[in-house]
Structures are given as structure tokens and as C-alpha cells.
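Dropping the structures in below, format is C-alpha cells.
Next come two complexes built around chain A: one with chain B, the other with chain C.
What follows is the complex of A and B.
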């Protein structure tokens, strides 16, 4: 079954234009000018139950706007939207009982009262029975190690402690879909790892569907089997993480540090017949680029087998960070070759965007 | 409804837990509320130093009306503490959180901002009514407490409806409007007998911004000399109408909510 179904979803905002100067301000007083800004441009995707899906994009790409439409906060301008079998903004009160929401930048908890008091209040708001509440709370408190924090007021918690409490607050009613908007923002690596582990476990044990936005691609690598990438309101990539890497990964680089000075001709000679490219970093250091489908060991054995003294070897793999940065910069997730073609034919990139995989 | 009431109990309990840790705040707020009312009462006394009678209204009667206003206003302020709504919920985007919770948005916001200290002003108003009641030697009928309750609920609904509509304007408009001070000024006229004002203001206070239903009309039910049965009994009716309008504007406005950045 599908947990989330989005069809041609669009959101437009009217933005007031403020004219410059005193004269402009006076004009504004009588006649406001508005401009329409389209934050989300007719996107479509489906997320089956039990999937962890990463939703990434640059700031202002429309991620938060989408999440807010999916959680019933914003009413879409047009398009179809079905989450958990509900149209979020229509049956908001019934609908939100089945979802959990965490906004990393905003607290769900009451600032002044003890954490446990917030949880009790949420129990009432979500109409969770006392026994369910106790069982669920015990489980969450144990996995997230919150025992000592429960009686402290939220304002006295560190960010990491608060974020773990936020997670509990969002999950007390055992939602089947969880939306996380930058859940690991500003956290240290230990808490980040803990939260990732927790989310994975929740997904495994309860089959919870998770949609998360993040700028930390480690989150994506650790959690998501699928990535939806957004740019300027369009979906530019929707598919597996591995697929993204294979398509965009530009092969690997191996750096050799030699004891004696080498020349480009010498190193080229070592790998003659292989489709690789050498560059000289300095007199004693040379880098070789090899395509993705080639085995590193092929190159290594040739170079090491030669009569040169090697003091150090490093292997570089294009990581997701780089891939994503490059896609953001080009604004399209078409394979690099296609992207180059598209420069000559701008329409093609437009048509390619939004298509899956 | 019972769900809302049970939520109300929880929120009040939490309010007490937080606010009792800042006792000074509580009393400062009570004091400033009372001071505000005291100034208005002194104004009434000063006026009556110069004349024994204001278009047929005696001092005790005017004070009685003022006492009723304080009572209704006290209850209203306790539950509709929406003054900083636009700032806190729209500009800072706390509305996002409210909208992800399974209870009506307005109910949640009312509960989150519930302000029990305002109730003290209401109780003082009740005491003022009691004193004037005795001074005026008004008869006390068995139905008076019930009618008072009905009237106060009606009046609170009027205020609630008007201020809910005002708060809902922030859903439509980016810039906070200067409408609230204007309303506040007009509402000040409502706490005195409208009969002393000219026709235009009387019409405004009765049918446009019905603040007279949060003062003289319902209070006159108990003042035999000025009793205007039609107008006083209209209080709950006007209350329901205004509250419905307010709620409708709110529910429509919420669809226009656009969230804060990020």
C-alpha cells in the first residue's frame, strides 16, 4: 500500500512587493503590488509503506513547503495529495493523529515545564490510553536514554537532549508515517548516530514510513534506500541512492607517493594498455584516475609490481557529498554526458527533469 | 466538547505548574489589571462629582454596568489571550506546530495562552456588581444568577468572536494591522451606558461592533429602572452570531496560512 501519494502538487505564494524609497512606500500604502512565487512546481511521487525516503535539495528548493503540505499545515494551490489515506488539509484533525512530525528548528515541547509533563499533555491531545502511553514511553525512553531528563524543564536541556525528547514527543501516539524536517541539524556526531540508529530500528520494528529532509548526506547514506532530490520546485532525481552514485560517480583516484622523482611518461608506461589518466601532483607524487568499472587492484598491481619505491598510497572515491554538490550546481540529475548535451539543447533538460530514475 | 474540556483541565494544570514558579509575575499582572480598572472607576466617580445624574443614570447604576463589563471582560481575557497571536504564531511560525496536533487550532491557541490572572479582575467586577446591587436595593430573583451566567457567556462570545476575527486577519495580511488599538478604543465606550452617547455611536456599538452587549444591555436586565428586555435578551443571540462569524473567518483564514520561512 502507498503511504504517500503526490500528484502534480503545486504551491504558489503571493509575495508583497515593497517598492523602493519613500515614494515607493507611499505608493504601497494605496496599491500593493504582488508577485506570485511558485515554491513547488507540479511534483509527483509515491512512497510505499515502510520506506525511508530522503528528501534533499538546496535551501529554498521547496522541501519544507512540500513537507508542510504533506502534514496538513499548508493548503496546496493545486494537485492531488493523499497521505495515509487522507487528504491532509481536509481532515486535518483526524489525519494528524496518524502522523508524527519533527521540525529540527522548532520545538514541539513546552518550554517551561518538565519533559514528562509535555509528554502527558501530548498523551491527552492525541487521546492515547494510559496503558499504551506507559508502554510506548518506557520503550522510547529506554532506547533514547532519557531516564534522567524526564523531570527537567525543556529550557535546561542541551540541543541533543532536546532533539531526542522531540522525537519521543512526535512518536508517543505510534504514528505510521513520520516526517522529519532536518532532524539532525546542529547535533554532534554521537547524537546524530544515535538518532539514525533509532530511526532505523523504528522503521524495522514498527514498519514506520519515514520521510526526512536533511542537508547532512550522512543521514541519507545511513538511512535512506531512496532519495528524492528537489531543485527550484522540481524533482530532479527520484530513485535509489546506489543508482545515483553509479550514475554520477566519476570513478576513483589513486594517489601514489614515490621515494624518488618520477615523470609522467614513466608512470604512463606502468599502466600502458589500461584506460587510465595520470596527473603529476609534484615531483614525487602522482595521481591516477580510473573509471568506475575498473578494479583498483589492476592498477595497483602494475604500479607496485614495478621497480619504484612507494612510500604511500591513497584511494579517493567520489562521495555522495560531491555528487550532490555537482548535481545542485548543474541543476539536473541527468547523467553528466546528457547534461553536457543539454547545454546546447536547453529544452531537453527541462523534459528530463522530474522523470523518475 | 468533553474532549476540549479535559484538555482545558490539563492545560490549566500545566499553566499553574509553570506560573506558580514565577509568583511575582502572577501578582504583578493581577495588580496592573486592577489598576487599569481602578482608573476607569475613578473616572466614573469624578464625573458624578459634577452631576448626580447622567441622562437618567445614577452613579451606582453606571458602576453596576462597569462591574458587569469587568466580569465579562475578565472571563474573556482569561480565555482569549490572543494579543500576541500574530507575532508568536504567524511571524514566528508556531502555527506549524499547532496545525500538526489533533485538536481545533483555535482551541489549542486559546488553551496555550490561557491567562487565569485576568479572572481576578472578573471577580472584582462581580464584587462591584454585588455592592451596587445592595446600594441600589435591587430585588434578587431566583433566576438572576442563571441569567447572569447566560448573559456573561453571551458577552464573552461577542468579544471572543470579534477578537478571533481580528486575529484571523493576520492569516491574510503580511503586515500586522493597526486595527487592534482602534477596536480597543471603541470597546471602551461599551462599558458605559450607550444611552448617554449620540445616535451614531449608539448604532455603532449596538449593531456594527456590538460592544454594548458586553455592558449596558445585559446589565440592564438586572436594573429594573432601565430594563430593556429585548436588548438584554438579545445578548446571547448576538453572542452566537458574532462567535459564528469569528469562527468562520478563522477557519477560512487558516487555509490561507502560509507558514514562516525555513
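What follows is the complex of A and C.
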């Protein structure tokens, strides 16, 4: 069954235009001019139950607007929308009982009262029975380590603590679909990892469908089997993360640090017959680019097997950050450009390669 | 659902308790206000026994009970709603299975209950020690007054909600909120009983909801309205409450369509 079904969804906003200068301000006073902005332009996608789907795109691409339509906050301008079997904005009060929402940038807890008071209130709002509430809260408190925080007022929590509490607040009623709008924003790596682990577990154990927007692609890599990429209100990519990487990956680079000076001719000779490209970084350092389908070991064995002394070898891979950045810049996930200009800057790529081990 | 709304009242009550120091100063401010008006009215009366049918004792009681009633029905729902709209926290509210406006109303009521118990009642006692106030002897009058005060709260909150919802349609409704506050204080009869308004103004006010907020309940409490007039006054309040629901619903509906959440 489909958890989310979106068809030709569109959202337009009227934005007030402010004319310049005193004259403009006076004109505005009597006659306002508006411009129509289309934030989401006829997008369609489907998400089956139990899937974790990443929803990414640049700032202002329309991610949050989509989430807000899916959660019943905004009324779409046109198009069809079915979430959990409901039209969100029509049957809002019944519909929201089955979903959980976390906005990373907004708190849904009551600022001045203890965390546990917020939870108790939410229990009544969502009409969760006392026994279900106890069981669920115990489980959540244990997995997210909140024991000592429960009686503290929200305003005295750190961001990481608060975000964990927000998750609990959104999940107390055991929703079958969870929407997360930048859930890891501003968090340190420990909390981020903890939250990712928690979400994965929830998806595994309860079959919860998760749709999350994020700017942190490691969230996507850790969680999502599928990515929907949005640019300027259009979907520019919808598919697996691996597929995106293969389609856009630009091969790898291996950097050799030799003990003795080398020449470009010498290193070229080492790999004659292979489709690779050498560049000389300095006298003792040379870099070789190899296409994605070639094994690194083929090149390594040739170079290492030669009689040159090698002091260090580094392997660079274009990481997801690079890929996505390029897609954002070109505004399309269609055909990759020429491989050469896509090769990552060494220091950035190194971090990416390193994290993959 | 009712239990959720009750819980909201309780939580707001707890929150007010958390900031109770604010209210100790509030009692003093109200006492000063009442004192100032008491001496002002005494000066206005001079040697006269009655003005516009008010005796000095009645006007003193009127001033005291009006201010104390204001302590109960007053709230900042307009500001809260307009802030929710402008900073986008309304988005979070919309993902909850409840009616946002009823929630706001309940929060206002939690606040009102707090002020009623910890502010209005003790404040009234303090004021009655300081100034010559005559309390009604008939217990029914107290009951009717409490019911009318409840409607004062409802009507005032409705006006606040309407003002707050304007934030959907204008970029800044600060001016509107200030104007509403002055209008309510002036035209509801807190500052000046409606009986003292010029004769051309009274029929106009009959068609406005403001007198139902203060003037009617205070007139019942001070014994200016008796018998059938009391029930008539209550009826006027009920009618205003019912009538004001219509523009609120209309505004809320069109606001839902216009809503776009600030900050992405």
C-alpha cells in the first residue's frame, strides 16, 4: 500500500511587492502589487509504506512547502494529495492523528513547563491510553536516554536534548508516517548518530514510513534507500542513492608520493594500456585519475610493482556532497558532464573517502 | 478531547504560577488604578449626590468591580495569535489534532482562572478595605455576575482572536492590536461608565459588542440593573457571543487558504 501519493501537486504564493523609495512606499500604501511565486511546480511521486525517503534540495527549492502540504498545514493550489488514505488539509484533525511531525527549527514542546508535562498533554491531545503511553514513553526514554531530562523545563535543555524530546513528542502516539524537516540541524555528531540509529530502528521495528528533508547528506546515506531531489519546485531526481552515485560519480583518483623525483613520462609508462590520466602535483607527487568501472587495484599493482619507492598512497572518491553540489549547480540530474572537471578538490574528497573507510 | 482542553487550562494555570511574581505587582497596579479613579470621581461629584443615576458609593463599586472584572477577562490572545502567525509556530499547531482557536481560548481561560483566584478575589478584598465599596446582598446576583463575567471573557477573547487573525492579512497588525485595546477599555465602560457617554453615542454603542464586556456585568453587580433587565443584559451577551462566532469562522477559513508559513 502507498503511504504517500502525490500527483501534479502545485503551490503558489502571493508575495507582496515593495516598491522602492518614498514614492514607491506611498504608492504601496494605496495600491499593493503582488507577485505570484510558485514554490512547488506540479510534482508527482509515491512512497510505499515502510520506506525511508530523503527529500533534498537547495534552500528555497520547495522542500518545506511540500512537507507542509503533506502534513495538512498548507492547502495546495492544485493537484492531488493522499497521505495515509486522507486528503491532509480536508480531514486535518483526523488525519494528523496518524502522523508525526518534527520541525528541526521549531519547537513543539511547551517552553515553560517540564518536558513530561508536555508529553502528558500530548497523550491527552492524541487520546493515547495510559498503558500505551507508559509503554511507549518508557521505550522512547530508554532508547534516547532522556531519564534525567523529563522534569526539566524545555527552555533549560540544550539543542541536542531538546531535539531528542521533540522526537519523543512526535512519536508518542505511534504514528505510521513520520515527517522530519531537518531533524539534525545544528546537532553534534554524537546526537546526530544517535538520532539516525533511533530512526532506523523505529523503521525496522514498527515499519514506520519516514520522509525527511535535510541538508546533511550523511543523514541520507545513513538512512535512506531512496532520494527525491528537488530544484526550483521540480523533481530532478527520484531514485536510489547508489544509482545517483554511479550515475554521477566521476571515477577516482589515486595520489602517489614517491621518494624520488618522477616525470610524467615515467608514470605514464607504468600504466600503459590503461585508460587513465596522470598529472604531476610536484616533483615527487603524481596523481592518476581512473574511470569508475576500473579497479583501483589494477593501477596500484602496476605502480607498486614498479621499481619506484613509494612513501604514501591516497585514494580520493567523489563523495555524495560533491555529487549533490554539482547537481544543485547545474540544476539537473541528467547526463553527467565531462569527467575531468568533476574531479573533486583533494582535501574535500579526502574527507569523503575517509568516512567511507 | 475535552480532557485535552482541560489539560491545556491546567497547564496554562501552572505556567502562570511559574511567573507569579508578575502578578504581585499587578495587584498593586490595579489597586493604584482603582484608587486614582476613586479620587477622580470624588472630585467630579463634589457636592452632588448622584450623577447620571450613579451614587458615589455605586460609582466606587462600579470602578472597583470593573477593574477586577477586567483582571479576569483580560488576555493577550491577540498578541499570541499574531506571534504564532508571524513566527510560523502556527505550523506546529496545525499538525495537532485539535482546533487551534479553541486551544487558544482554553489557554486564555486558564490564565483567566489564575487571575480570578489569585488576583481578582484577593484584589477585591484589599480594595474593599481601602475604599467604601458596597457589596450586593442577594447571592443570586453573585451567581449571575459570575456567569456574565464568563461571557465577558468569551466576548473579549473573541475580539482578541479577530484582531490576532488580522496578522494573516496584513504584515504588521501591531497598530490594530493597540487600537483594539484602547477601544475595549474605553467603550466597554472600564474608563467611563456608558451612562456618562454623550446621548448620541449611546445608541451607537448599543450596536457594538464592547458594553457587553464590562458595562453590563458591572451594572448588574452594582445593582443598577434589576429584575428583567438583568436577564436582558445576559441575553445581550449571549447574542454577541453567538454573533461574533461568524466573522471568526469566516476569517479562519480564508486565513487557512492564505496561510503561508514564514521562514520557509
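Just so we're on the same page, the second predicted complex is superposed on the first by the 336 of 357 C-alpha atoms of A that agree within 3 Å, B and C clash if a C-alpha of one lies under 4 Å from a C-alpha of the other, contacts with A are read in each partner's own complex, and residues count from 1 in each chain.
One rule holds for everything that comes next: a contact is a pair of C-beta atoms (placed from the backbone, for glycine too) under 8 Å apart; a residue touches a chain by one contact, two chains touch by 3 or more.
Just so you know, these numbers come straight off a predicted model, no measurement behind them.
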Superposed partners chain B and chain C on chain A - clash or fit: clash
A:13 touches, of chain B and chain C: first, second, both or neither? both
Touched partner set for A:48, first chain B, second chain C, both or neither: neither
Which of chain B and chain C A:261 touches, first, second, both or neither: neither
First, second, both or neither for A:269, with chain B first and chain C second: neither
A:75 touches, of chain B and chain C: first, second, both or neither? both
Chain B versus chain C as contact partner of A:186, first or second or both or neither: neither
Chain B and chain C contact sites that coincide on chain A, given as residue numbers: 13, 16, 64-65, 68, 71-75, 89, 92-94, 96-97, 99, 101, 103, 105-108, 110, 112-113, 117, 120-121, 124-127
Residues of chain A touching chain C in the complex: 13, 16, 59-60, 64-65, 68, 71-75, 89, 92-94, 96-97, 99, 101, 103, 105-108, 110, 112-113, 117, 120-121, 124-127
Contact set on chain B toward chain A in their complex: 3, 6-7, 10-11, 14, 17-18, 21, 93-97, 99-104, 174, 255-259, 262
Of chain A, residues touching chain B in the complex: 13, 16, 64-65, 68, 71-75, 89, 92-94, 96-97, 99, 101, 103, 105-108, 110, 112-113, 117, 120-121, 124-127
Chain C to chain A touching residues, read off their complex: 1, 3-4, 7-8, 11, 14-15, 18-19, 88-89, 91-92, 94-99, 171, 256-257, 259-261, 263-264
